[in-house]
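Take a look at the following structure, please.
We call the chains A, B and C, going by the order they appear; numbering starts again at 1 in every chain.
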């Protein structure tokens, strides 16, 4: 039942308008996706430029090479930044998911007082401009460093990324819980299960898709984050985005394009995961798939 | 399926995290963190200073890049968690950092004398040793062009850089008032010896900005030293201001047909400083004494065309280590290049940079 | 005689219910508390601390106590007497010994350019001087004979100051203590705030114009097809911001793909390649693409809930197809339009990375200036003040968003 298809009685103006509309939509989709796809072939450029050479356009094999991927694999700094990115993102995701899920359980209870205010405060890190968050955290770390060293440490970056990641977990888990049938927990409790058992046996399996997709958001947020890293990390905590940032500002080499291509592949995998989870979640909650 | 997915994700992530932890370099006493500007410049330091130092002492040197300024040093010192030992800074930052207590004082007596016995304080050029810093090189901001893009006349004077009629095309300039205002005044006919006297007046600043106005629409602004050679190579600009060593490197190592115009070059020193509270202060001092001896400074000049800060190093300058080009004529301090040189006035910039940055940013935006 | 309802163990039912209610409430609050405490200490408190930085001003009072004390009674009409110069000498020498003089000099220099060398230079000499000092100071630097110098020191004496906020709106105190605009050539922040707003509006409107048709298409196609097209929206959403910014550099630079294409097609000559990036327009293009998914997703989720029968009903009642769309469909999408626009606008005014990389000379936004003062000029007070103003703006929008849309209706993906 599509409104897009042209009705049989359409006049010439409507026909033109209809095709124009489809054309416009195609252009917008192109605008969205082309910039991302265009760098993939360029990352196989054998020349150190950002432009398609004539040889590339005529598909000569010698115009393509894996040299920028080799460059990426061989440079210690890139290797270290991959390790750092995964380590920081992994730790902050665990923290953000734990804290966020517990808070979402509380927030979604009907007895929770001042729900709106708490919700607003808890997801404010998502709304406040990153540069302000980064500046605030920078000043804060500078004052508490005598007690806990945070500036230029892994702990500092992980905590900051946890702050940025929790809103996503809170939002996705609260959303999953909005369709949650609370009589299930009561049923569990009546059957003699203690709260921990109820949580792990009943609540957890049902909200798991929300938790995982929140965790993925938190992971990507940390994995892609550069402003906070610029402000509070030292070179020891060099991450992939930080390295790309330096690369774009200093010397534009196609190595960045190779890294970008790899990151695009990672995001495609993540995207597929989230999509699968969403379908599963909706199936579990008895909604129609899609 | 979800459980399986969860398990694999967690196992994979855990393995990676463990690997990352193992890969974190140990910042023990047998290592030293030296921070510099990256690219060809850092490479020259690694070849001339870091490798011989590691060979001699066994101390491992971690080389890191930054893009200038005191922010990171200030943040580390104020936060009390200093990660950096030695930083390569510009003179104005060395002076300001010393005044603000961000740097360790350096005792000039640790610096070795010249081979002929001249004490270090006499051997270094004027202003190369300050309370907290020891200079290693003299570098300059020049402008350069790609010879292959010109058929007739080549640009020769600073006036040509600002002459869009004679040489139509884009210009590259560093996105800061520093050096640009000086060059603008020189192009406007101010003798190079009087630049800062003129610039100290409001009328002089107006005059410099008026001159910049004439090419504003054709300027591509760069921020990092590695960009200008790239801009020239890509044909994004016809001429660009640049650090002379970067252009030389493109000529020598990458066989580019670039040429440097030395007229109204703005020269400055780069200095080693030790961050206040550096984790390896003692080793850092040893490194500075080692790196700024006569031979080491001359060695650096084999890799990049920055002039050594010691007079006794000049005769030892040889040929480029890879390209075999004699380095002497490519130095900012070569007599041929030095005639109209402008020495960067750090006192002027330390005083006026905030004000002029504001004006520059305001000018850029409008 | 009314009998009170009680529970099995004899407690009044009302009280038992209330206490059970309270336990539940406490349990809910306890669940929220860990995250709240975490967010409070690592986010809300740091931001409050930053705002405090924008008004605190301890340096002068701390390191020039004698001068500050003497200047307290100074009327500001004439150059102060020997007493003030003696105090100044004492302060400068002491500050030089503790190596704090540079911070004092820098703080004063932010306010009155040129004072840095006056302070450090005089401090270097003052150690060797004997009283009387006035002559010697005036000989050393003529600035000591100017009212502006003393007025600056006096103005910065209090430990709480408004100068950072004034500077953030291109204003300063003059010698007489009145608030005036800074010189025309030095004005920057008001324009920059305006430009940031303007660019954000342009980005928001562009996102709406581009996002509306495709959200409509996604909402009205059968799921099989729309899911496929949805990937085109979600993939950019999930792709690294730096990757997308890099792509725009690749596409738009003068030797880039788009210019190549135009030369190849023959629209422009090889010599007349167009400067598409490293300016405001390049920044707007890149930001529009980057933020477009934030517009499409809320629009889509609202459009999904509008029954297609509304349109059919209107048409069957004789309304023209376009009229029906405009009068019936569009008003129903307004919640989505509001949500998308506010989300995009809030994100846009705080944008930093993209303008920094592709902004060039006139595509910079206020965040870039905040970062500049944080990292380059080290004027942290001013950076905090600029951040404070931006924050107030964002909070107002956030409040509006909550009012119009409800913050708990925020959806992702």
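Operating definition for what follows: a residue touches a chain if its C-beta (ideal position, glycine included) is under 8 Å from a C-beta of that chain, and two chains touch if they have at least 3 such contacts.
Predicted model, so just to flag it, every value in this text is computed and none were measured.
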{"item": "Where chain A and chain B overlap in contact partners, by chain label", "value": "C"}
{"item": "By mean Cα position, the chain sitting nearest the middle", "value": "C"}
{"item": "Farthest-lying chain, centroid of Cα atoms versus that of chain A", "value": "B"}
{"item": "Interface with more contacting C-beta pairs, comparing A-C to B-C", "value": "A-C"}
{"item": "Averaged-CA centre spacing for the pair chain B and chain A, given as whole angstrom", "value": "38"}
{"item": "Approximate Å spacing (C-alpha centroids) for the pair chain A, chain C", "value": "22"}
{"item": "Centre-to-centre distance between chain C and chain B (centres being mean Cα positions), rounded to whole Å", "value": "32"}
{"item": "In chain C, residues with contacts to at least two other chains", "value": "253, 255, 374-375"}
{"item": "Multi-partner residues of chain A (each touching 2 or more other chains)", "value": "49-50, 138, 249, 252"}
{"item": "Per-residue multi-chain contacts in chain B, two or more chains", "value": "72, 234"}
{"item": "Partner chain A, residues of chain B touching it in the complex", "value": "1-2, 5-6, 13-14, 16-17, 19-21, 23-25, 27, 35, 38-39, 64-65, 67, 72, 75-76, 78-81, 83-84, 223-227, 230, 234"}
{"item": "Chain A-facing residues of chain C, complex", "value": "21, 24-25, 27-36, 38-39, 42-47, 49-50, 53, 210-211, 213-214, 217, 220-223, 227, 229, 231-236, 238-251, 253, 255-257, 260, 289, 292-293, 308, 311, 321, 346, 349-353, 357, 367, 370-371, 374-375, 380, 383-384, 387, 390-391, 394, 398, 402, 407-408, 410-413"}
{"item": "Complex contacts: residues of chain B adjacent to chain C", "value": "69-72, 74, 96, 98-101, 175, 206, 209, 219-221, 234-236, 347, 350-355, 357-359, 361-366"}
{"item": "Footprint of chain C on chain A - complex, ascending", "value": "1-4, 14, 21, 24-25, 28-29, 31-36, 38-39, 42, 49-52, 99-100, 102-103, 105-107, 109, 111-113, 115-116, 118-125, 127-133, 135-140, 143, 159-160, 162-163, 166, 168, 170-172, 174-175, 213, 217, 220, 223-224, 226-227, 230-231, 241, 244-245, 248-249, 252, 256-257, 260, 263-264, 267-268, 270-271, 274-275, 278, 290"}
{"item": "In the complex, chain C residues that touch chain B", "value": "98-103, 105-106, 109-110, 113-117, 120, 185-188, 191-192, 195, 253-255, 278, 360-362, 364, 369, 372, 374-379"}
